[in-house]
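In the two assemblies presented below, chain A is common to both, partnered first by chain B and then by chain C.
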Partner chain A sequence: MLKKLLDWLDERTHVKDLYREQMIDYKVPKNLTFPYVFGVLALITFVIQIVSGVILIMYYKPVMAHAFDSANYTIMKEISFGWLFRHIHAAGANFFLAIVYLHMFTGIYYNAYKKPRELVWIVGWVIYFTLLTTALTGYLLPWGQLSYWGTVVTTEIPASLADAPILKGIFTAIGETISIWMKGGYKLEDLALGRFFGLHVLLLPLILLGLVSIHLFLVRAAGISNPEGYEIDKKSESEKLAPFHPYITLKEGAIAMWYLALFFFFVFFNMSHFLPADNFEPADPLKTPPHIAPEWYLLGFYEVFRSIPSKFWGFVAFNLILILLLLLPVLDFSPLKSARRRPLFFVMFLVFLFSSMILTVLGTMAPTPTNAQLGMFFTFLVFLFFLSLPVISFLEWGWYRARGGKS
Partner chain B sequence: MNTWGMVKTFVLGGATLLFFFIIWIYNPFSPHEEYPLPAQAEEIIKDPRSALEGRELFKQYCTSCHSLRYDGIYLSSVAAKPEWSKIEKSQGKPILEKRDGKLHIKGYFVPRDVYEAVAFQELESLKATFGKIPPDLSTYYLARGPGYLYQFILEPDKILPGTSMPKLFMPEFDKEAPQKVAKIVGYMRSVSEPSPEEKAKRTLMGMLTIGYFVIMGFLLWIYRKRLINRMNL
Partner chain C sequence: MEASRRDFIHVALGGMGAVGALGVLYPILKTLAPSAASVTEAKVEIAIDSVPELGMRVTSWKGKPLFILKLPSDITQKYTYKVKKESKNSAGKLNQEILRDKPVFALIGVCTHLGCIPLWKPKGSSDVKAPYLHCPCHGGLYTPWGDNIGGPPPRPLFVPPQKIEGNKLVVGEPGFVKELV
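Right after this comes the complex of A and B.
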């Protein structure tokens, strides 16, 4: 019966060919390491976010007077399992960004942004950027103190352009315009809430969906990268390859199951970080909370912004880091791939990874002068990583050639 | 895996785990205040029986300034209005409570804008007296935690200097005062946190879900090993 149905479908859509082509004839290297699993974990988390998000939209009301109550009364207390879906959505947002960061660092470590995968990296960067916007817009929706003041601070950040050393008037005007445009007025009110809601539940997820499809297509088109850093020839080295299904699907499936176990551990037993206490107080425009810090996934950028004495240069610095990430394929131009074969790159990668982590942790700490100096130092190290890439590329390529490597 | 590979895995994996532990579970560096709770008070707060008594105490002591809309408690001056019971029923949603196996209507959850419109006069006069409208306490247990609430209600000025919240309980004159405060906090806890049965249900659900995924992971892993051996991959 099932076979008949499948044959009927196949006659009309050729699904069997598609399946064979995409799952079995598609070969992947056998030596893929554990970090390669983060891509599929990100995809799973994305699906979780969409499903739990759709359920939350049914009960959430994007109006100032009702937003907080719909999140904390209707969803948390009235609807059966509303709490579960809110927990899943809140934990999922954090897990999504965590996995995306791990995925990005894996990509940097194995140089997955180099020829022929530049487009994969660029589209991935756009996904990352859209994801940050989605996270920011979603953060406002519960309309608690943290949501409100977090968004106020975020929308005020472009206004720090007013601190510019030259052309003060122009920069002030630009900064204020962006800031007012983001808030939809001088005050954060219904207008902003409605806009953020629309962006968060419709436009940004649609864009993400499209971008993720393109990203997956590009990975398939360019072929998956290799931890050893060379392209495997499909004909002469076929013993190093294995069919995608079942070799990789089962491995990643098993890891995905364990990942979900960890995820649900947080959902059921450890939500205090993902639903912070301060956000259970309704938004009050007249009462600024004592500690306002962005969510952890932005703390690194926040620390860069905060530790640099001039607001203007702080703003420039953290935007520059984002742009330098996008420019990685250009900065790191040598054809050598993977940190396994590039000792200098490996060292600088460690510097970059640990500086980012330390900057994030510094962001959680109180703003003391010592912390600001530490923040400056680690910001310098992050920039050192990006700026050293052309030099490293040049040196390593020279060594490689001198030792008789092929170009 | 060679030694160097193991060192790398250990360092990179360990650093990542440590990082997420600091960010997500316990952060020793972030500035935070702690409000310790006496053991006796903690016992009363955790006791589900204190919720009922606490509700009466809350109505008695707190409702002249505070409401707790999530449990159907409103300012006493508003609740005393003749039209209020009709407004409650027509605009609000019933809050149901299971008692002796039957559902009872405990009160009505009235939307914030409706409530604030009806209570406009009362809220304005409170604002004129205290400088700000005393907040609705529905979610304050989650926002502040039991330790803060207990200490704050007992001695408001010590915890938050300059606050307009009056000191209502005098342990010097009323020996029962600390217990009363603990019962009020216990009541606020019962509004914000799931009931013990519900909590047990959630724990069981969590255990089952986690167990399912862990076991499925192992089964897939074993199946894959066998399949790969059979296919000579």
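Right after this comes the complex of A and C.
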């Protein structure tokens, strides 16, 4: 019966060809390491966010008078299992960004941004940026104290352009315009909430969906990279490749189960970090909470911004880091790929990895002068990583030529 | 055919996937169930003393008007009602047969004709010389227990599940009435 239905469908749509082409004839390097799984995990988390988000949107009310109650009373207390989907959505946001960061570090480590995968990296960067915007807009919706003041601070950040050493007038005007444009006025009120809501539930997810599709298409088109850092020839080296299904699907499926187990452990037993107690107090525009810091996924940028004495240069610095990330395929023009084959790059990668982690930790600590100095030092190291790439590439071109064009 | 190790992985992973999918589906479907607010609305308690003799209190149960009536014990001797032939509730009886010996009871105050809310006429009128319920929309007439005696209604008023607990009438939990629709 099922077979008949499938045959009927196949006659009309050729799904069997599509399946064979996409699942079995699609070959993947056998030597993929564990970190290559993060892409699939990110995709799973994206699906989780969409499903849980659709359920939350049915009960959430994007107006100031009702936002807090609908999130914390209607959803948490009245709707059967409403709490579960709120927990999933809140934990999912954190897991999504964590997985995306791991995915990005993996990409950097194996140089997956280099020819022929530059577009994969660039689209991936845009996904990351859109994801940060989605996280920021979603953060306001529960209308708690942290939501409100976190957004107040975020919308004030463009105003730091007013600190510019030159062209003060123009920069001030730009900063203020962006800030007002984000809020829809001078205060954070219904207009801003509606705007953030619309972006968070409709526009940004649609953009993400489109970008993720393009990202996946590009991965298929360029072929997946591999830890050894050279392009496997599909014809002469077919023994180094394995069909996507069942080999990779089963392996990644098994890891996905472990991932989901970890995810739901947090959802059911350990939500206090993802839904902090402070945010269960309704937004009060006349009272700032005693301790306010961004979510962990922004702490690195926050520390860069905070430790540089001039607000203007702090603003420039953290935006520059984002832009330098986007420019990785240009900065790193070496013919060699994968940190496994590039000792200098490997060292600088470790410097970058640890500096990012330390900056994130510093972001949680009080802004003492010592911490600010440490923050500046590790900011410098992050920039050193990016600036070292052209130098390393130049050296590696020399070695590459000396060996007669072999890597 | 012997099962290979790959078959085992297929079944194990597929099974876990299926369990996971069911585990996700269950709470998703449950979110569509009535909310906690309507669940608390599904149980109403009325103090028996708060209802005057031959009087009616109106409250609501599951969003519908609920009539609470207290009738004098000699009402069946004083008045006789000519109940229509087709007047039978879902137990195949008259409401009166089930409710008449209770000190108070509750009816769903929705006319079974087209959904209007009947009025309580404790003193009767020139036409019906006994206490009765009168639907103003199309002139449906009911006895105080909700059995239809005239007009277009096809059947008696609905009776919600109810029980008497101490000096309270509890509507929403089955007792002397499970539910008559």
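Methods note: the second predicted complex is superposed on the first by the 401 of 407 C-alpha atoms of A that agree within 3 Å, B and C clash if a C-alpha of one lies under 4 Å from a C-alpha of the other, contacts with A are read in each partner's own complex, and residues count from 1 in each chain.
The criterion applied here is as follows: contacts are C-beta pairs under 8 Å (C-beta built on N, C-alpha and C of every residue); 3 or more make two chains touch, one makes a residue touch a chain.
Note that the structure is a prediction, hence the values are computed from the model and not measured.
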item	value
Contacts of A:366 with chain B and chain C, given as first, second, both or neither	first
Touched partner set for A:281, first chain B, second chain C, both or neither	first
Chain B versus chain C as contact partner of A:98, first or second or both or neither	first
Touched chain A residues, chain B compared with chain C	B
Touching partner for A:269 - first (chain B), second (chain C), both, neither	first
Which superposed partner A:246 touches (first chain B, second chain C, both, neither)	both
First (chain B), second (chain C), both or neither touched by A:291	first
Touching partner for A:260 - first (chain B), second (chain C), both, neither	both
Touching partner for A:82 - first (chain B), second (chain C), both, neither	second
Those residues of chain A which chain B touches in one complex and chain C touches in the other	77-78, 246, 250, 253-254, 257, 260
Chain A contact footprint on chain C (complex, rising order)	6, 9-10, 13, 16-17, 20, 24, 27-28, 30-31, 33, 35-37
Partner chain C, residues of chain A touching it in the complex	51, 55, 58, 74, 77-82, 84-85, 246, 250, 253-254, 257, 260
Complex contacts: residues of chain A adjacent to chain B	30, 65-66, 68-69, 72-73, 77-78, 83, 94, 98, 102, 242-243, 246-247, 250-251, 253-258, 260-261, 264-270, 273, 277-282, 286, 291, 296, 353-354, 357, 360-361, 364-366
List of chain B residues in touch with chain A within their complex	12, 15-16, 19-20, 22-25, 27, 29-31, 69-70, 93, 109, 111-113, 132, 135-136, 138-140, 142-145, 192, 194, 202-203, 205-206, 209-210, 213-214, 216-218, 220-221, 223-224, 227-228, 233
